[in-house]
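Order of writing sets the labels: A, B, C and D. Residues in every chain begin at 1.
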Amino acid sequence: MKRRIIIGVMGAGKRASKTDVEAAFLLGKLIAERGWIVLSGGRNAGVMDAVSRGAKAGGGLTVGILPGGDARDASPAIDIPIITGMGSARNNINVLSSDVVIACGTGGAGTFSEIALAIKAQKPVVLLNHTAASCQLFKSIDGALVHTADSPEKAVQIAESIVTL
Amino acid sequence: MKRRIIIGVMGAGKRASKTDVEAAFLLGKLIAERGWIVLSGGRNAGVMDAVSRGAKAGGGLTVGILPGGDARDASPAIDIPIITGMGSARNNINVLSSDVVIACGTGGAGTFSEIALAIKAQKPVVLLNHTAASCQLFKSIDGALVHTADSPEKAVQIAESIVTL
Amino acid sequence: MKRRIIIGVMGAGKRASKTDVEAAFLLGKLIAERGWIVLSGGRNAGVMDAVSRGAKAGGGLTVGILPGGDARDASPAIDIPIITGMGSARNNINVLSSDVVIACGTGGAGTFSEIALAIKAQKPVVLLNHTAASCQLFKSIDGALVHTADSPEKAVQIAESIVTL
Amino acid sequence: MKRRIIIGVMGAGKRASKTDVEAAFLLGKLIAERGWIVLSGGRNAGVMDAVSRGAKAGGGLTVGILPGGDARDASPAIDIPIITGMGSARNNINVLSSDVVIACGTGGAGTFSEIALAIKAQKPVVLLNHTAASCQLFKSIDGALVHTADSPEKAVQIAESIVTL
């Protein structure tokens, strides 16, 4: 029996733009439709919430790795809240637990840390709708691991090509 | 929509007794048959592996919170491996993420730490097939949170009475 | 150059008894007088605070591994507050960073978890002023690692015999 | 009694350039001469090792927050090794425990994660000898927290102006 693929989707919380939230919802739906599990930071805000709602709309399963000490902060679209109680140190768990990490929107400091931790852990990363500066910088750290995409469809295609290697 | 109940089952790895392993398998099956999710330390050994196999036999979903930095160590019966890379510090995540913690067999130092961390986090704990000394000691820390059971059926009944409060 | 010995002293916070607090102060002083560093959970309460004050009275250096996300909760007698922001998961850092762990008083669930995590990590543990039940239970897990003492002087003697092996 | 200032210095391990290593040594010396404590990732490589050796040359005290499960990997110039056993998740402890974070050299993925985690935790950051692209990107996340310097002297001056506010 092969284990189901887990795609981590990272992005801003309440500061997420309308574009990021819409992209995240579509990402979640597309990932779920491929039978993959969506993993996120789990909170009830921005990209984390939208990708989980999208995944549920696509009939998928959602895991949220929460920074707080209980599930109060979880998006209602999270099926399995993992309660870490360890704040941003949980970002490393997000990336270690994902087969591919998609950073949806340039995001803030939290998302940046997740991209960097993913590269550190040698996980493939897809930067979706990032600024040219962000793409260039992360590619300069590890050009082989870092991919860029300008649509959710393209991001999921890249993820698919990675996980079916 | 109500979230599915998560029952954490803790116990020894390779040092688990035959009794512990058989009890863990039955526990997993009974938990899954109630529609609950089984969460464990996730490794491919002892109670962690047996409870996950039991849950799959009961048609359930299994989550493993792994101490290592990748999924190589995971039981094949784990559906969702959460990779923490943080060794025994992940024991706190095991208990925070569970609605009820069942310690299957007196176990070793790792299981003891999980029982203690569960009490610290004010999580209900069921001690299944523990020695009288272990039961007494943990009850002396918090008599209201700590329950004892001498069969998997009884342990799951206690868990049920707690989560349906 | 040899590194200075680090002795971890664990025990209850605000629920610590007067006996525990007095023993912790003396422990800290005796440890500091040997030129060793005192490491604790760092909070401004009970055993953690008392052992740090004792160490400062003995001219020593104190490290506190704090559960919270900033230093507000630290005992004023902590020289070096390590801010983990990871709650009780930091208990594992306490024991990994100590050459010997002394549990001062039977304590509560947090102290129990630290004793268990220490044994799991194969660290020598001294149980100071514990109940017979607690001593027996932990010795049953690993009799070679677990020592008992009925005075701070005796606890420090045991630690000394371990670190000078 | 006021607590001593802790300056976190982050940077590459074995991939550190000669320039980074020399800058780190001088940084450590300058920090120690001000009576501040140097905190780093603690390993016996690159910036971590050099800044600790510099601090010892300046008569200072050094703390290393180690990713591994024991002290074998620690720089001999670390006075106080904190053993986390949690890999890169310890990067968050590095920044939470520092009053100011100095990133010495553009570094690799680990250093990037530390800069991002520092900004997330609202810690002041000094980028020493970073590329223009790196400076610009991090300033775009939080212009008020992120400072840039082109010499160790300047970096320590900035840190001084921050901690004496």
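What we mean here is this: a contact is a pair of C-beta atoms (placed from the backbone, for glycine too) under 8 Å apart; a residue touches a chain by one contact, two chains touch by 3 or more.
Because the structure is predicted, anything quoted here is derived from the model rather than measured.
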item: Which of A-B and A-D has more C-beta contact pairs; value: A-D
item: Relative to chain B, chain with the most remote C-alpha centre; value: D
item: Chain centre separation (chain A, chain B; CA means) in Å; value: 28
item: Chain centre separation in whole Å, for chain D relative to chain B (CA means); value: 40
item: Overlap residues in chain C, where contacts from two or more other chains coincide; value: 69, 84-89, 92-93, 121
item: In the complex with chain A, residue positions of chain C that touch it; value: 69, 84-89
item: Of all residues in chain B, those that touch chain A in their complex; value: 1, 3-4, 6, 37, 61, 63, 65, 69-71, 76, 78-86, 92-93, 96-97, 121
item: Interface residues, chain D side, partner chain A - complex; value: 86-93, 108-110, 112-113, 115-117, 119-121, 133-134, 136-137, 140-142
